[in-house]
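One chain, chain A, links the two complexes that follow: it is found with chain B in the first and with chain C in the second.
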Partner chain A sequence: MGTHLVSMQGIRKTFGDVVALDNVDFHLEKGEIHGLLGGNGAGKTTLMNVLYGLYQPDAGKIYIRGQEVRIRSPRDALAHGIGMVHQHFLQVPPFTVVENIVLGTLPKLRATTHLEEEIGKIRALAERFGLEVDPLARVEDLPVGVRQRVEILKVLYRGVDILILDEPTTNLTPQEVDALFQSLRFMVDQGLSVVFITHKIREVMAVCDRVTVLRDGRNVFTVSLKETDEETLVRGMVGEQLDVATSFLFSGRREEARPRSFGPPRVEVEDFAVMGDDGTLAVDGCTFHVRAGEIFGLAGVAGNGQRELAEGLMGLRAVARGRAHVNGIPVQEGATREILNSGVAYIPEDRLEDGFLPRASVAHNLILGYHTRPPYRKGWFLDWRLVFQTAWDLIREYNIRTRGPHDIAANLSGGNIQRLMLARAFAHPMKVLIAHNPTRGLDIPSMEFVYRKLLEQRAQGVAILLISEDLDELLLLSDRLGAMYEGRILGILEHPPFDKYVIGRMMAGIPAETR
Partner chain B sequence: MHVSQQIITLARLVILTLVPYVLAAQGTMLGGRAGVFSVAQEGIMLVSAVVGFLGAYYTGSLFYGALLAMLAGGLVGLAFAYFTTTLKMDQFVIGLALFFATAGLSTLIYKIAIGVTLKPPLIPTLQDIPIPLLERIPFLGDILFRQNVFVYFTIFLSVGLWYLLYRTGLGLEIRSVGENPLAADSLGVNVTLVRYATTIVGGMLMGLAGAYLPMAYTGTFTEDIVRGRGWLSIALTYFGGWAPHTIFLAALFFAGVEVFAFRAQVTGIGIPYQFLLMLPYIATILVMIPGFRWAREPAFLGKNYDREKRGIS
Partner chain C sequence: MTTGVLSPTGRIRSWTRAVFPYVLAILVAFAVAGAFIGSMGFNVLRAYETILFTSFRTPYGFIQTLTKFVPLTLQALAFTVPLTAGKFNIGGEGQLIAGAIGASVVGILLAGLPGVLLLPLVLLGSVIAGALWAAIPGWLLYRFRISEVLTTVLMNFISFSLINYVATEMWPDPAAGHPTTVPIGKGGMLPNIIARPPLHMGFLLTILAVAFVYIYTTRSVGGYELVATGANPRAAHVYGIDVRKLSVLALVLGGALGGLSGGIEVAGVHHRLIEGLQSNYLALGILTGLIAKGNNLAVPFVAFFIAILEVGASALQRTMMIPGEMVIIVEALIVLFVLLSDVVKVGEGA
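Up next is the complex of A and B:
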């Protein structure tokens, strides 16, 4: 001991009766990029929140440079030279970049009108680490990639030498990911040490020196990247729950020998525009179609109108301009029931806000939206025996962890709510599926399950509109792939294999050359 | 009287009327910028009106009376901060509860101290203190610089709060707590301390607003002395866009409407006085229609921050 830069030993953390971390060890060496790999719920972020003082551990010891420390708040962590960049940016949107960065470091009565010195320091840091940013821009006006840089500068400005990055590539375009990795290399070359939290094995392979794998809140192993390979890491992440050899997720897409054939268009959208919540056009002239038996992928950084497009197509928002037909039904506000009844399934993005009733039972939630038609409806009434029978079947098939169909849905965990919504969508016959981030918050075996279900539906001739912020998912599944930027579709790649850098440019607002 | 003399009298009246609105609204704004939203203004003003009145009555000094009123307001602010920031209880519910408690307390305190009397006790009202040189500015000198000390304090406070919030490191911290406390916390800003401090100081300002009423207007305490000014100050804070300088301007408008309604009653313009009494409230509603669109309230307004209250990810 004593030689590690950071050493966490026997860390335990519980939330209520959920054990998030169970006797976890973690050691960080000076000058390394140390990957922290695991699926959703593995405890990666929780472990680092403990190191950053946001969570107090129930048990365990933390040593920094050989000294035992107690970290009670982020203030303590920063004093020990530890900085953390969270997945969800912790920024004050109406503030400028420099204000966000110097927040908490200024003497209380120091005037903020003359920050030239601070700005100079930020510029110097930005240059040194290749993190270009305009210090006087307002954060709310910046694209995600730049906000990420602000977040990193924020901790570097405090002179930390240990940098924790939580899923830093979320919502970055492939180009931005490359730039980030390069910056990380600059940092370790200059003596910093980095903890890199991720669930993507490719990122670990690309940038890390060593990796610690967590699963269900426990250590699996820690290895040097030189001594391991992708398959070992996959097995470490998923354990025995998934047969890696036959996995679709890890084997990647196998191209069909002959081009697939598609049926007639089931979703037709022409110059479609939808109003956003703030009264401006969130979707501003989209044109595309989805044919029977194909998956049309739609990439884009979150907040570029994807949500409004999905809601617009489901008749949940007023159409501002243009035309759309979903399963032959003309889309207009209020046509939701008609659209659903014609055989359209919808998996909304925000599972807590939309399409889920926390106070109703699991069974109610499983038939929500299908309850007005047979077989559940019998005359004026619902056939409760059938409802509960179906609910039991679905709970079993989709592995929803619940006490039973009578239990209220609010008792489900986030991942299980997602399973419930998927079960509801996939269990009923459909012709069109509109799915928005269907695998968000799922662990790896569940993602695999969703992918297989999507492919199954595609084989049965369902037209699938897959809107996702996970580019890897889209590259894996799509038959055609478009990218959305500020309410427009900047281009559509007509067939795989897709060039992720072309998609990345479109996600950043640069139209693709037609091909 | 000359027309110009009449205008000066009216303008002086507007300034005098504006003081409690500005004080209470700045107090609301200050807590709100750190995310703590109080609805107990009316009660705090009542209880500190009685405390200020009695303090002045027994010590014979308006200054000590005002100090005690601020103390009372600060104590209610402290209670509010404890229930919401430490115990994480719902801000709106606690605010209402504190309103009822303090409103009831105000009459109780008065009854215990004074009892029921035929001739209520009086305190001297505030003296005008002319400011040398400035009072000689034509027009403006009469309106602004021959006023009581509360008026000067109110103007000074509005400017000072604006400087504090928008031009100092501390102000940056306060605003960040009201916008995104997790971000502030992650950078070592003491969220709890900021919330306590702003809520207590905010309560003190509301207390001062309460004390002003017997000291400037009536010289005595009655149960209906506040007359909805506390509630109006909430609307005013929204209308003023949660910023000190615009709140001051918005208060000018409010005070103007009130003075107009009062004048119209006195001179009699054929409108039943009940309608004229409604005027400030109706103006509030009318003004809030565009006001709510215009006002950008702090993003974390009215919500409690709990560092560990998040699931595992």
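Up next is the complex of A and C:
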């Protein structure tokens, strides 16, 4: 048997009743970038967490360089030369780059830390792998793309030669993605081997040598990129759950029916400013409008005021400056109910925190925000017969797996909670929809479903503000597209097709020179 | 990938899963308490027989149980109704005293009024006084965000001094050896629904209160908002519910129920204000609410069970010379094991 660098065989992992990995094989060769492709819940991250020692497999064997090993912790994994960069960075923002990188590696506590030597090492590493970064910069001052380089350097500094990257392009601008791919090439040329976890086929096509596709915790296939094409990968990823040929998500084609006519503006925002949680202006002078029958997309790296903007428009934050009208209602803190009742649907970014009632019933959840108006409200009481009827219909239509409207919502699984939140938003008539990352955490058929619902609503004349960190989603759906950076909208592209590099520059804080 | 639709057997299993911890908790609590009783040299089986069956052996015992049931249920609701909205009302005692004072003030000042007028006024006085007493922590929470846990408890202490003042300075009964007021007007006293042994109308009022709470929390728009707020205040706020106002409302509702329990003690049991009439109903009420896990509809059933134990406890003391505190230990152990069974369940799930 030829030795692979890493060989995982028959890996099984269950969480309670859920089988996350079922007899999965995975082989990594030296000097390759190996894509690990699959939708949400396919088991990609779980598989790599097993390799990194975060989870213990229920069954299966792991060989590294031909030796069978047991990896009990990330410390073991590092000792075997395996490092992992997670989607969420583990960094201390006020520390410098070098401090973050050496954190936890210095052998003993000293009264003073002399880091000159380490700085030199880090500079050498950065140069060797094309990961340009200033070791003395403070991490909190760095853009996301650079912080990611810090995270990669952190594992390289620990001497690994097997690098696992979990969805590394999340929150990067297109330019930063290009730079990342370049340095990945550099790294494998220098003898590293990379596992690249992603749900984006385009990224696999762009950078990987081989790819392993997972679906529902099982192997679908492993192929060399030379021997495959996008269509095969799509089918591997989604299986029979989705008719790929008629899919909007994979058609790559935009609707033909453009240019279309739009109605009057339903959301009007002028020099709008909103305070953030830290007492500084998180939204600092936004001006835009959304017309009936259009999708206005808003791109941006997370944390540039998108959340505060959405909450400000829903009357959940004090308006610090400027004006906004949503569906004709003047926006101010406390106007939430008035705004909702005028026919505004809201899909908050953090659906568990901001939209979910775990200790109430499924039916309670389905009418939250709609409970003070007809048809549900009858005087002092709620028309529970109607609520339950509607709830049954929605449970069926949105394929929510539950015992019924009575069931305590906390019993639902993550995907079902998502569908519950979507059902609530889409099932009721609306004139304006404010949706923040509506497809985050969804599997592919559900994403397709959301896209179709958004297009359906647009066709019915709903004004849709789509705030998203998924640039591909915005490029696919938007009629007009803006980008947010540090609380401001740096530019709005008025017509598709949109140039993603122009958007990328704005996401990085460089205003569009021309419109 | 997930559980899917549950089969009938699955439904039965989940129902058993809900009841099983209670049965187990009660059994274990009795076993542990039995060890105590046995080690003190008493006959364990006879002690249990006394605790569990005194209520059913004589009509008197049964009526006594129903009479205990009234303040227990109302005090438990005073705790669980605010809990529905996620607020902790530990001030049922103060609200009971405020309600008792409210009832007495009305009952003494308007003693001459006929029953048709005076009785509703006495009860209304207690409800309003209890509600106002709880409105103070409510306002402090709304205006200054001071934790209601703290303020409701502190309001209890104020009520002790207040009842003392009313009973010794305003309308003291010089004949009584204990701070007590003169009786309220005859018309303000609750009529009996059963003559002998006497059961006053407070029992019916309690059943009405339970029905009101149940219908309000499960059917009405306001009740929906209470539940939503208790389930996730942030999400409730995001979807247009004024969570802060609702927290005040929840405390005031709890206070009104606590006040009513005081009104019934005055109008139905003592017919006057007596210092100490709050007994240990606060602790028992919270205990009841905890065993019911905050479920308003479960409260009267748990309260009935606790009332049986309480009546058994006094019999225990009378007939076997076993300290009645033994029963409090049993009750506390039940709470402990019921809550523990939750922890165990959570532990399994993780």
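Assume the second predicted complex is superposed on the first by the 507 of 515 C-alpha atoms of A that agree within 3 Å, B and C clash if a C-alpha of one lies under 4 Å from a C-alpha of the other, contacts with A are read in each partner's own complex, and residues count from 1 in each chain.
The rule is simple: a residue touches a chain if its C-beta (ideal position, glycine included) is under 8 Å from a C-beta of that chain, and two chains touch if they have at least 3 such contacts.
A quick note: this is a predicted structure, and the numbers were derived from the prediction, not measured.
Engineer: With the two complexes overlaid on their shared chain, look at chain A and say whether chain B and chain C clash or fit.
Structural biologist: Because the two structures are overlaid on the shared chain, the partners are seen to fit without clashing.
Engineer: On the A-aligned overlay, A:41 touches which partner chain: chain B = first, chain C = second, or both, or neither?
Structural biologist: Both partners, chain B and chain C.
Engineer: Now for A:396: first (chain B), second (chain C), both, or neither, which partner does it touch?
Structural biologist: A:396 sits against neither chain B nor chain C.
Engineer: In the superposed arrangement, which partner chain does A:385 touch: chain B (first), chain C (second), both, or neither?
Structural biologist: neither
Engineer: After the superposition on A, what does A:99 contact: first (chain B), second (chain C), both or neither?
Structural biologist: The answer is first: A:99 touches chain B but not chain C.
Engineer: On the A-aligned overlay, A:348 touches which partner chain: chain B = first, chain C = second, or both, or neither?
Structural biologist: A:348 sits against chain C, while chain B stays out of touch.
Engineer: A:114 contacts which: chain B (first), chain C (second), both, neither?
Structural biologist: neither
Engineer: Quick test of understanding: once the structures are aligned on A, what is the angle at the Cα centre of chain A formed with chain B and chain C, as a multiple of 10 degrees?
Structural biologist: It is 50 degrees after superposition, to the nearest 10.
Engineer: With both complexes superposed on chain A, which partner does A:86 reach: first (chain B), second (chain C), both or neither?
Structural biologist: A:86 contacts chain B only, not chain C.
Engineer: Using the superposition on chain A described above, determine whether A:18 touches chain B (first), chain C (second), both, or neither.
Structural biologist: After superposition on chain A, A:18 lies in contact with both partners, chain B and chain C.
Engineer: With both complexes superposed on chain A, which partner does A:226 reach: first (chain B), second (chain C), both or neither?
Structural biologist: In the superposition, A:226 touches no partner, neither chain B nor chain C.
Engineer: Considering the aligned complexes, could you tell me the closest Cα pair distance between chain B and chain C in angstrom?
Structural biologist: Once the two complexes are overlaid, chain B and chain C approach no closer than 7 Å between C-alpha atoms.
Engineer: Just which bits of chain A does chain B share with chain C as contact spots?
Structural biologist: 18, 41, 413
Engineer: Under the touch definition given earlier, write down the residues of chain C that touch chain A in their complex.
Structural biologist: So the residues of chain C touching chain A come out as 1-6, 11, 219-222, 224-225, 227-228, 230-232, 234-242, 349.
Engineer: Using the touch definition from the top, list the residues of chain A that touch chain B in their complex.
Structural biologist: Residue positions touching the partner: 15, 18, 20, 40-41, 43, 45-46, 52, 54-56, 73-75, 78, 84, 86-87, 89-95, 99-100, 102-113, 154, 158, 413-414.
Engineer: Considering only the defined contacts, which chain B positions touch chain A in the complex?
Structural biologist: 166-173, 175-176, 179-180, 182-190, 296, 299, 307-308, 311-313
Engineer: Give the list of chain A residues in touch with chain C in this complex.
Structural biologist: Residue list for chain A touching chain C: 16-19, 41, 216, 311, 314, 316, 334, 336-337, 339-341, 346, 348, 353-360, 364, 367-369, 371-372, 377, 380-382, 384, 401, 403, 409, 413, 415-416.
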